[in-house]
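Just below sit the structures, each encoded as structure tokens.
In the two complexes below, chain A is the common chain; its partner is chain B in one and chain C in the other.
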Partner chain A sequence: MTTWPPLLVAVVVVPILGAVLTPVVGQWRARRAADWALGTMLLTSVVALLLVARVADGGPFSYVAGGWEVPYGIELRFDEFSAVTAIICLLGVLAIVFSRRYAEHALPEVRIPYYYALLLLNLAGMLGFSITGDLFNLFVFMEILSLSGYALVAVSGEKIAEMAAFKYLVMGAVSSIAVLFAIGMLYALTGSLNMADVASRLGGAPVAPVAVAFGMMALGFMVKAAIFPLHIWLPDAHAIAPSPVSAILSGLVVKVGIVGMLRLYQIAYTSRALDLEALNTVLMWLGALSIVMGAFFAVFQDDVKMMLAYSTISNIGYIVMGLGLASSAGVIGASVHVFNHAIIKATLFLGAGALIFRTGKRTLTDLAGVGHAMPWTVAAISVGAISIVGIPPTAGFLCKWYIALGAVEAGHPFFAFALVFGALFIFIYYIRMVNAFYFRPPRDPAILEVREAPASMLVPILVLATLCLVMGVLGRIPLSFIEPAVTRLLAPIGGG
Partner chain B sequence: MTTDATGSILPLFAFLIPIVAAVCTVPLQRISARVRDYSLLACGAAVAVLAVWLAAGVAEGGVYETFILQLTPDIWMYLRVDAAGALFGATVAVLWVLALVYSWGYMAEGHRLGRYYSFFMLCLGWTMGVAYSGNLLTFLIFYELFSILTYPLVVHEQTPEAMAAGTKYIIYILIGGSLVLLAIVLTFFAAGQQTLTDGGILSAEIGHGRLFAIFWCFIAGLGVKAAIVPLHGWVPDAHPAAPAPFSAVLSGVMVAAGSFGIIRVVFQVFGVEILREMGVAVMVTWLAGITVLFAAVLAVNQDNLKRRLAYSTISQMAYVVLGVSLLGPEGTIGALVHITNHAFMKGALFLCAGLFIRRLGVHRVSQLDGAARRMPVTAAAFALAALGMIGTPPLSGFVSKWYLGLGMLETEHPLLLVVLLGGALMAAIYLLPIVYRMYFREPVLTSDDRITAEGREAPASMLVPLVVISVLTAALGLAASLHGMPVWLARIAVEGFFR
Partner chain C sequence: MIAALWHNIDYAACVVLFCIGLYTVITKHNLIKKFMGLNIMETAVFAFIVATGVVEGGNAPIMGPGVEPPFINPLPQALILTGIVVAVSTTALALGLVIRIWHQCGTIEADELREAE
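Let's turn to the complex of A and B:
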């Protein structure tokens, strides 16, 4: 028992320390920075896995920093939703491995150590965000990951990257202000920042300020999650960032908004200060709109990464719809898709990154025929594509199935319909992609001469593609893992 | 779970073997084309033997089941070989092996053979999975993925026409697949995870509105694949675009997978009683009847041979749906048997069409004049299959139509006989002129010398499957009443459905 709490601290402190030291380590040789970052992340992964094993075994647990009792001290709390740390670490390790060759190719050498430092900081921010039990702490970690995120988008130093980063920054600042404002209001109402404590004190609070606080917080997290119509920052930022960063941003950073929403729901449902019917209805509709609009915009993209970025908006739509349905199956589907979408989208972005690395081209038109030159990479991308549109038995199917089931369960069969046909729409542009890679004649025959991606890129891609299948076939493991958390979450409102 | 089923690992191999074969195709090809061909044949033959063996076991009254794995806390992947599944599975496997052997000759000069054979085997495995699915989730898993694995085969030629046909195919099929998914979600919500059981798993208590929604989602979704008018649009485009051996299985068993799904839904999800009470089957009967005649009329006008055959498939597969929608035992026997019989007859016709393309360079009906002189065996096979398709006794097509006719009388729909006979008549109108041209017209010598000089009978590797398939067409008719034949299996299935 006593050995666990320090681990809970370590999972945040190790990557932060690693990040701070990366520029020092990499001062003489850039490759050192890569090794150092990888080592840091591997260590963090071990810690995260121990924590996940523990939560699977005995349920949520927490640690109070410095021995100060709750609600005065800062509480770190690890529950089933915090298991997203395992995915963060996995993608972090793979992105760092992938970056080894990619960064050398895409960035000036002097920046490489800083690139790894930012990446580690970003991952540390997300790890902290997902394990904290304190509202202000939540905000701090959100800022850490957002600021490092802006910098990572701009890291290549191109003009367009700076533009994208600036757009991201403006929207991100709006989101931060909204969340901070909401946290301030909750503090004013309850005199506490500890989530559990806030939830227990919020019961008798007047409705109007609570509604404003929850509304602002939801707004802030929705911007982070890039739900339509708050998505405008996402496509540029995700498409223009270096590919390993895109994988992290699209796979994980947008999920911060979702994890934040889950925390908000934990407070709101437990306190029962407010009937969330209105918010849930809004989320369902926004989710449905996101699915359709994301797919709609994606159909018109020729740039592979742009297409993938829009596809993220659709997938966030699934998740948000599942949350809004507030039925057991819907929330389970949404929570599991947080994990699965991270894996799938990382497969696709890293795959696209490998194509760009080898060919130097990034539009479907130019990449036509590349499937014959880089069979493994493109096969992995195809697996990712099949998975993301939810063809059984891949990882994406589970979420589609559960959220559709959740829609029927909640008495909104229309949303099941919207979900299933939104997925169809999504398939259309993935078909275009697969067509271009395999079946269209190459525009430039030279593309048939490019070599397969180097091992340091191919291995992460193949690992992820395998996971796309494994997470679907062995879906019962994540599903039964997350189920108790969802049951607990929905118990106060009579769901579950 | 029914108690009479024997646990058996064999059904699992029916789709594992083809998957392993598919994965090994490209490495084997590195060694040599011959090694690849024979290895794949061995795998295909193993599956066929397995499927026939299972069918023989089921004919003795057995039922086999396999639990594959637990997909989610409440969803099992579960295979169950009952009479209907065993019959369809055996049909699939046998036709597939014949088409595989035929591919050697047909695809000899083709491109990207590794991809072709690999997906050809994958599709076999997945179609076997469709046949042996024991619950709706398993059915969905196989059904959706196999629709998509088919895509690389449809667009295999990579010509602009093939790409356009492929796009049309995938959009139709995915819309259908989505409707099926929706229907299965609704069913799962209403009835939970249940083994497909004779007599149905839904209960009338969930309300008529829901039952209607589920039924029409299923029919519309599976109807896309079964090519019920107006959902048939992909069929006439996809068939001419695909390589001939694949057209044969596409027409023979892939379209039938939709009809097979409808059989499962009607008898094992809803059950006869609920459907009779709902009164929706009559509407399906009408749709199917219209499809039979409409597609047959369109077929007459097609000059492209494979396109004409594709329309014929639409027309013939509607017989299956028609027979099922009568909700009578004899009609259902007719429907089940017609899936098998049609698979071999249409397979034979497409293999012939492929030979005309490869050996004579002929795609159109109007160019077939005098073909019988150059390719006597092929022409004879074509004539035999055409006669079977029309329903001439004692060929196999007659058997299924006989039962369909009995079913119509039994359920007191004598007027439907007009549809049955009208469809047969139209089949004569669109198929017999081809036979006439081949045998009784003088060949028109074109400036293309290749046709006269090289146009001759096909190589043995392509003729053997064709001859085998023709023999099957005849044998399934002549031996229809014997123990263990399709009619026998269908009767076992139907006894369960109408218990």
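Let's turn to the complex of A and C:
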């Protein structure tokens, strides 16, 4: 028992320390920075796996930092939703492996150690965000990951990268302020910052301030998650960033908004201070709108990464809709889609990165016929595309099926229809992409001469593509893993 | 109503300040002005949170001889110290980006930049 709590601290402290020391290692040997970052992340992964194994075994557990009792000290709490740490570590490791060749090619050499430092900080922020049980701590980790995220978008130094990063920064900072304001209000109402403690004290609080606090917090997290009318920062930022960064941003960083939403729901449902009907309705509609609009914009993109960025908006729509349904199947589907979408989108973005690395081109028109020159990469991309559309037996199918079930269960069959409609749209543009890669005649015959991606890129892509298939076949495991947490979440409102 | 507003004048001022900041962020084209609006919003929220910890006639919570309760709640101030650090780093990063944008595009007006794209 006594060996566990320090592990909960280590999962955040190890990557932060690693990040701080990366530039030092880089000063000594620029090329060693990548090894250092990889080592750090592997160590973190071991810790995260031990934590996930423990939560699967014995349910949630927590550690009080510095020995100050709850609610005075900062509580680190690991529950089933915190298992997102496993996927953060997995993508972190693979993105760092992928970056080895990609960063040498895309970045000036002096920036490479700083690039890895930012990447580690970003991952550390997400790890901390998903395990903290304290509201202000949540804000601090959110800022760590957001700030490093803004810088990572700009790191490539391309012409509009800084502009995209600035747009992202302004939207992101406004949303952070909204969340901080909400945290301040909750503190003023309850005198506590510990999430469980806030939830237990919020019961008798006046309705209007609680509604403002929850509303501001939801709004802040919705910007972070890039839900439809608040998505405008996402396409540029995710398309311009270096591909491994896009994979992290699209696969993980937008999910921070979702995890934040889950934390908000944990507080709101437990305290029963407020009927969340209004928020749920808004989330369902915005989710449905995001699915359709994201897919709609994606159909008209020629730039591969831009298309993938819009596809992220669609998929976040699925997750948010599942949350808004507030039925057991809907929330389970949404939570599992957080994991599965991370894997699928990372496959696609890393695959696109490999294509760009070898060919130097990024539009569907220019990349036509590349499937013959880089068969493995394009095969992996195709697997990702099939998964994201949700064709069985791939990873995307089960979660979407569960969300549709949840819509019917909650008595909103219309939303199940919106989901299927969105999936059709998504099918169209991914078919367009796969079709261009395999069957369209190449615009420039030189594209048939490029070589397959180097091993350090191909291995992460193939690992992820395999996971897309494995997660589809073994989809029951994450579903049954997350179920107790969802049952606990919905129990106070009579769901589950 | 007026009395309640007067009693909570500090909170009302924070809300006004917050709205001024948001208005600036949304309407100004100049990137630095946009960011100044963001700083105003941040300051409004910081002031709001510090104001929640104030106790009428309270003393600074520093232990020592001759210090009597009631004390002001020190926790919001400690939190906001962290908040200010975050805000400073955000500002530094934003200004760094603005300098890069200026070097690359020769302007920091959002509408002119959109044309440049």
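The rule we apply is simple: the second predicted complex is superposed on the first by the 495 of 496 C-alpha atoms of A that agree within 3 Å, B and C clash if a C-alpha of one lies under 4 Å from a C-alpha of the other, contacts with A are read in each partner's own complex, and residues count from 1 in each chain.
FYI, a contact is a pair of C-beta atoms (placed from the backbone, for glycine too) under 8 Å apart; a residue touches a chain by one contact, two chains touch by 3 or more.
What you are looking at is a predicted structure, and each value in this text was computed from that prediction instead of being measured.
If you count the residues of chain A touched by chain B and by chain C, you find the higher number for B. In the superposition on chain A, contact is made by A:473 with chain B only, not with chain C. In the superposition on chain A, contact of A:170 is made with chain C only, not with chain B.
When both complexes are overlaid on chain A, the residue A:79 reaches neither chain B nor chain C. Touch criterion not met for A:366: it reaches neither chain B nor chain C. In the overlay built on the shared chain, the residue A:134 is in contact with neither chain B nor chain C. Once the two complexes are overlaid on the shared chain, A:413 sits against chain B while remaining clear of chain C. The contact sets of chain A with chain B and with chain C never meet. Taken in their complex, chain A has these residues touching chain C: 136, 139-140, 143, 147, 150-151, 154, 159-160, 162-163, 165-166, 169-170, 173-174, 176-177, 180-181, 184, 187-188. Only residues 69-73, 77, 137, 140-141, 144-145, 148, 151-152, 155, 158, 163, 166-167, 170-171, 174-175, 178, 181-182, 185-186, 188-189, 213 of chain B touch chain A when the two sit together in their complex. Considering their complex, residues 18, 22, 25, 31, 34-35, 38, 41-42, 45, 48-49, 52, 75-76, 79, 82-83, 86, 89-90, 93-94, 97-98, 100-101, 104-105, 113, 117 of chain C touch chain A. Residues 386, 391-393, 398, 400-402, 404-405, 408-409, 413, 416-417, 420-421, 423-424, 427-428, 431, 435, 438-441, 472-476, 479-480, 483 of chain A touch chain B in their complex.
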